[in-house]
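Right after this note come the structures.
Paired with chain B in one complex and with chain C in the other, chain A is shared by the two complexes that follow.
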Partner chain A sequence: MAATLLARPLGRRTARRSGSSWQRGHGRIALVFLAPALIGFAAFYLVPTVRGLWFSFTDYNLLSDPKVVGLGNYGEVLSDRVFWNALKVTGVYVVFNVATQTVLALGLAVLMERLTRSVMIRAMVLLPWLVPNVTIALLWMWLLDVNVGFVNHVMEQIGLSKQGFLFSPDQSILTIASINTWRHVGYTALLLFAGMQLIPKHLYEAGRIDGAGEGRMFRQITLPLLRPVLALVLVVSLIGSFQIFDTVAVTTEGGPVNASRVIYYYIYEKAFTQFEFGYASAMSVFLIVFLVALTLLQMRLLRASTSDLA
Partner chain B sequence: MRKNPARLLAWVGLLAALAITLFPFWWMLRTALTGNANLFNGSYSFLPDDPTPINFERVLGLASPEEARAAGGTAASMDFWLYLRNSVLFAFAVVAGQVTFSAMAAYAFARLRFRGRDVLFYLFLSTMMIPPIFTVLPNFVLIKSLGGVNTFWGLVAPYFFMTPFAVFFLRQFFLSVPGEIEEAAGLDGASRWRIFWQVVVPMNRGPLLTLAVITAVQTWNEFLWPLLIAKQENVRVLTTAMAIFQQQTPNATPDWAGLMAGATLAVLPVLLLLILFGRRLVDSIRFTGIK
Partner chain C sequence: MKTPRRTLFATMLTLSTLAVTACGGGGSGTPAADEKVTLTYALWDDKQQPAYQKCADAFHAANPGIDITITQSGWDQYWTDLTTKLAAGDAPDVFTDHLSRYPELAKNNQLLDIQQDVANDKLDLSIYQKGLADLWVRDGKRYGLPKDWDTIAVVYNTKQVAKAGIDPKEFATWTWNPTDGGDFEKTVAKLTIDGQGRNGLDPAFDKTDVKTYGLALETGGGAYGQGQWSHFAASDGFVFTDKNPFGSRYNYDDPKLAETIDWYAGLIKKGYMPPYDQAGKLGVTPMMEAGKAAMVTTGSWTISSWGEDFAFAPLPIGPQGRKTMINGLADSIYAGTKHKDEAWKWVRFLGSAECQDLIADSAAVFPAITSSADKALAAHKAAGRDVSAFVDEAADPQGTFLYPITDNAAKVEQLVLAAYESVMLGKADARTALPAVNTEVNNLFQ
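Now for the complex of A and B:
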């Protein structure tokens, strides 16, 4: 989404030259061009947003007519221990996933940038991101199998004990976070790689003439000049990471007990296994509040970091 | 090129990263080519012991039920071809509708002048911030009340007309192309409609194709919406079918060889896309921050 800004600033080159009547575009033809998109936007974005908000003030359960309960759902959410636990679990997931993913991606991006232009290598790095979450989840379930999984085999070979991974209360959420780190590192690295292309090459030449080593050039040229891109990538990852669902749904279904019951999965369960649509909608509203807060943070970070390459 | 130990070390690092990225896929293939009986014999060699196509045959429905039971230890099966067809249809329908209609809307936002244009555009943009789970609930209620559960149109509908991202993405490209050619065509008397199809679309082939590929990959990977809408066999897609297949195999002795054969087959289309559009996909990454 927001990474589009990497490519070019929000363009404002709409035709504003005066003159021919051709320039004075008209509402009628615009409506023809917009009609299908407007139908889709109204039906699947605008109306559902309003309707979802309305659900959150009712006891709607899909079967009987909704009754308005005012702020009742919101009150219940605030005193729901599973909700707070889900937020905590999601928080652990987001922090661990985004931190490892960004650090590893930064390393990978630097290696690619300094070593090779190969499209082949970049395509290979992207592969896990292109494969469905469901497939990735199944693949790692097998690799991490407690008894015969390859990873536990390696653990034994190097003298460590077998681990429960997905099925250990202490490890499940971190394991899921690691799986998704593995899936997204290549993609994130390519975003950062694209950002590094924007850094003028002569800076590195100047650095080399001054006798700077690779480490120093990374710290004093790459990192500071990459900061705007890095901030952007970080927040895009953060927002994406909050919406973890598929991997949990396939591997642990929130377990053991509540150890991997993330907020997205909890909302899904409330809505589609217990049919508490009102309650689930109220939780989604809280989620929106978090995401909007993150987006505002993103905008501040972006504004605060545009000056370095000016 | 300088040859020095540091550079060598960097290459070792890069190759290690590639190995970690690709090894799980190799292990998937290795497992798929191993009979279930040989899977638990304590061998972890990188090549399958006694390679066999039986798991692929089972998943593709080429093996007889007796052979399948003998090889899998379970009677669980999946109608792979049906789910593959559904996934392909789903992706094609979404790409065709979404790219066409989003391009038309993006053109209107980039080039036409009408009242409320900017307000409408920012309204489109602002919905990008709303997490999908929030609109999934009312969308499900809507499709259910229209009788769209377990129908193909119910599966496709929410993606068919537009996404705010697609409109935004294409508008940026349309704005960056000089308007002179369109103006010249306009002065020659061509209508906006003809200019769009005969000038704007051909000139923006690249971005349109990029968007089509990205949309295809995303639709292919979609899980939650198909899980809710396409429950019956006749509309079930590959992602949900794989998850269901996994849930059906007994917890004590999952049919890993069969699962990995299915997973391998599900990766093949992605691999094909990467071979056909590798450079385009890789180059498009800077423009998109989706998911």
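Now for the complex of A and C:
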């Protein structure tokens, strides 16, 4: 999968080179093939985005007609401390989630690559990722419950004190991040594992002849040659991680106080429980700007990282 | 080259619009006069669905031309679901409505005014529990017929109470005050047991190792504390709003509320109530069932979820007497329904003794019609449950106060919940946190 993603820019370049004769000859047919994707894009991305942009300049509660308020919503967003807190909470989540997930996945990928060839184990690593998010969230909410949860029961048995986990203001967002690390680590490991297949085996053979141990080979062969794939994985997980919503919605609903009120959940609350659609849209526009900037930065970093194999 | 692309774009837009319209048009079309009509009816309590299905069957038997389809979703999803359907013009014809939510819906013209229908059919509104029917009137327009009511009482574990040597008869006259908690707190302390078997009154009581809490804690309940603290605050003299219904100023800065909440949070510090972050989201029932808490204040809608080890007692008597919040639900008609006459027929039936007697038999809630509520009481008795605590409280004219009905309810809830949680978590005290949030709350009404 990683390989296909990386190859995509190449394909685009070829298409552009063929010029106008290509368009005349195959244009219509190409359009037919593109139509399903384009219709989906227009219906589910383009139209809602434009409508959202329009709502962001209005006071709209879903039930009566929108009233134009100009930049009013944006001014309010800037002075809304819950909004800034939500960005901070989301930031903590993203950093913790991406860091633990990537490090653990790298470890798992090396184990899969260097220690075992078992398809069974590779499949098992993916299992949590195959379970729907909501199910995972419910599962962990029960496991971590203070009164009837298994985790606290075990902790008490071995002499540790009970922990609030999801409902403790200090642990809430880190617990949610850990749950999602657990869910995604196998998938991320598989991506990195796929990347490792691109590294020629003879390098390891050479390394072994020169007397390098597994640790040294990891640091000096695997890690540098994996860099492009690693960068891609980071981009993908960072954006995915930013979209944290379901685990929060199922377990903490943003609480206690605002400890796990991540930005997407706050937008959802404003829009669908308090029906301030205009305000929620303005926050979404802020988020678009922020995410576009983040993505551009990452793309730049990604382009800079050409493979050391070449 | 430009033209085809623009055409393509237009085609795409048209196609996607068509697709969206196709999705939205899934409902029933406009029927001819003698055609069968299907009404949708939405409610949120799964425990009540079977009883309302019986009502629907009885209604269908009397009106063969009208089918009722009942949809149910949990309280949390119910309002999101309903509002998005209202926005899409595809809402259920009739739905269960809550006092805290209907002002917003009425203001946005989503509810059908049934005042004229009530007058035309000469409905007798005095059959309902006193005061319930008029809660649904705003500016001369009526938005619902009462279906049920609920009050708050104490539920306790009979075995643990007996083990602590407490006679449940004492509960009939127990007192409470915000300074030392009165008899109520003494009972809570006696029921709290630590790992060494000492109770909360023992000087050696270890609050870091509590085996059974005297009082369970239900998370949430920030703005109105319906099942948690509203009765304590009210029995100390706290009143939520300047007037009810349709107040425009909240009194969260009242020192009486602050002392009540500080007392309530103090139970956590004393080890009598579980820490807020350990109360969990699973509700108080699993905790009580597991014997990890002995007592809790709860709403009458939970009656049927308590097993045989549990019994009910009235709320303690505070400085201003015994006070319980009383809340009523009603059935409202969606303003955009295609079948106004049929929907009214169904609402009238839901508000009639015939249907409410069926509800009473299921003993899930107390029907709004007093004669039906008596039947529910009898049904509970037959099932071996004494629920008179809830009913006696409702019967006392000085003993009830209404759920606060105001605009902006959802926003008030979010603001006050955050302040309340910070107090319960021990991060702030009510004396400073509540006046601060009260300013924010009242700014919503400017």
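Basically, the second predicted complex is superposed on the first by the 271 of 310 C-alpha atoms of A that agree within 3 Å, B and C clash if a C-alpha of one lies under 4 Å from a C-alpha of the other, contacts with A are read in each partner's own complex, and residues count from 1 in each chain.
Operating definition for what follows: contacts are C-beta pairs under 8 Å (C-beta built on N, C-alpha and C of every residue); 3 or more make two chains touch, one makes a residue touch a chain.
Just so we're clear, the structure is a prediction, and the values are computed from it rather than from any experiment.
Q: Which touches a greater number of chain A residues, chain B or chain C?
A: Between chain B and chain C, the winner on chain A residue contacts is B.
Q: Tell me which partner A:43 touches in the superposition: chain B (first), chain C (second), both or neither.
A: Touch status of A:43: both partners.
Q: With both complexes overlaid on chain A, does A:293 touch chain B (first), chain C (second), both or neither?
A: In the superposition, A:293 touches no partner, neither chain B nor chain C.
Q: Once the shared chain is lined up, is A:269 touching chain B (first), chain C (second), both, or neither of them?
A: A:269 sits against chain C, while chain B stays out of touch.
Q: Between chain B (first) and chain C (second), which does A:29 come into contact with in this model arrangement: first, second, both, or neither?
A: The first partner, chain B, only.
Q: Can A:164 be said to touch chain B (first), chain C (second), both, or neither?
A: second
Q: I'd like to know which partner A:78 touches here: chain B for first, chain C for second, both or neither.
A: In the superposition, A:78 contacts neither chain B nor chain C.
Q: Let me test your reading of the model: by the given contact rule, A:258 touches which partner, first (chain B), second (chain C), both or neither?
A: The second partner, chain C, only.
Q: Check the residue A:232 against both partner chains and state whether it touches chain B (first), chain C (second), both, or neither.
A: Once the two structures are laid over each other on A, A:232 reaches chain B alone.
Q: Which partner chains sit in contact with A:115 here, chain B, chain C, both or neither? Use first/second/both/neither.
A: First partner only.
Q: Counting contacts the way the document defines them, which residues of chain A are shared by the two interfaces, the one with chain B and the one with chain C?
A: In chain A, positions 23, 27, 31, 38-39, 43, 47, 62, 141-142, 145, 148, 272 sit in both the chain B and chain C interfaces.
Q: Which chain B residues qualify as touching chain A in the complex?
A: 6-7, 10-11, 13-14, 17-18, 20-22, 24-25, 27-28, 31, 39-40, 44, 97, 100-102, 104-105, 107-108, 110-115, 117, 123-124, 127-135, 137-142, 144, 157-158, 160-162, 164-165, 167-169, 172, 175-176, 179, 183, 186-187, 191-193, 196, 217, 220-221, 223-224, 227-228, 238-240, 242-243, 246, 256, 259-260, 263, 266-267, 270-271, 273-274, 278-279, 281-282, 285-291
Q: Enumerate the contact residues on chain A facing chain B in the complex.
A: 1-4, 6-8, 10-15, 20, 22-27, 29-34, 36-41, 43-49, 51-52, 55, 62, 107-108, 111-112, 114-116, 119-128, 130-135, 138-143, 145, 148, 150, 153, 182, 185-187, 190-191, 194-195, 214, 232-233, 236, 240, 242-243, 245-246, 249-250, 264, 267-268, 271-272, 277, 280-281, 284-285, 287-288, 291-292, 295
Q: Can you tell me which positions in chain C touch chain A when the two form their complex?
A: 1, 4, 8-9, 12-13, 15-16, 19-20, 79-80, 83-84, 86-87, 104-105, 108-110, 219, 274-282, 286-287, 290, 292, 410-411, 414, 417-418, 421-422, 425, 427
Q: Under the touch definition given earlier, write down the residues of chain A that touch chain C in their complex.
A: Spelled out, the residues of chain A in touch with chain C are 23, 27, 31, 35, 38-39, 42-43, 47, 61-64, 141-142, 145-148, 162, 164, 166-169, 251-252, 255-258, 269, 272-275.
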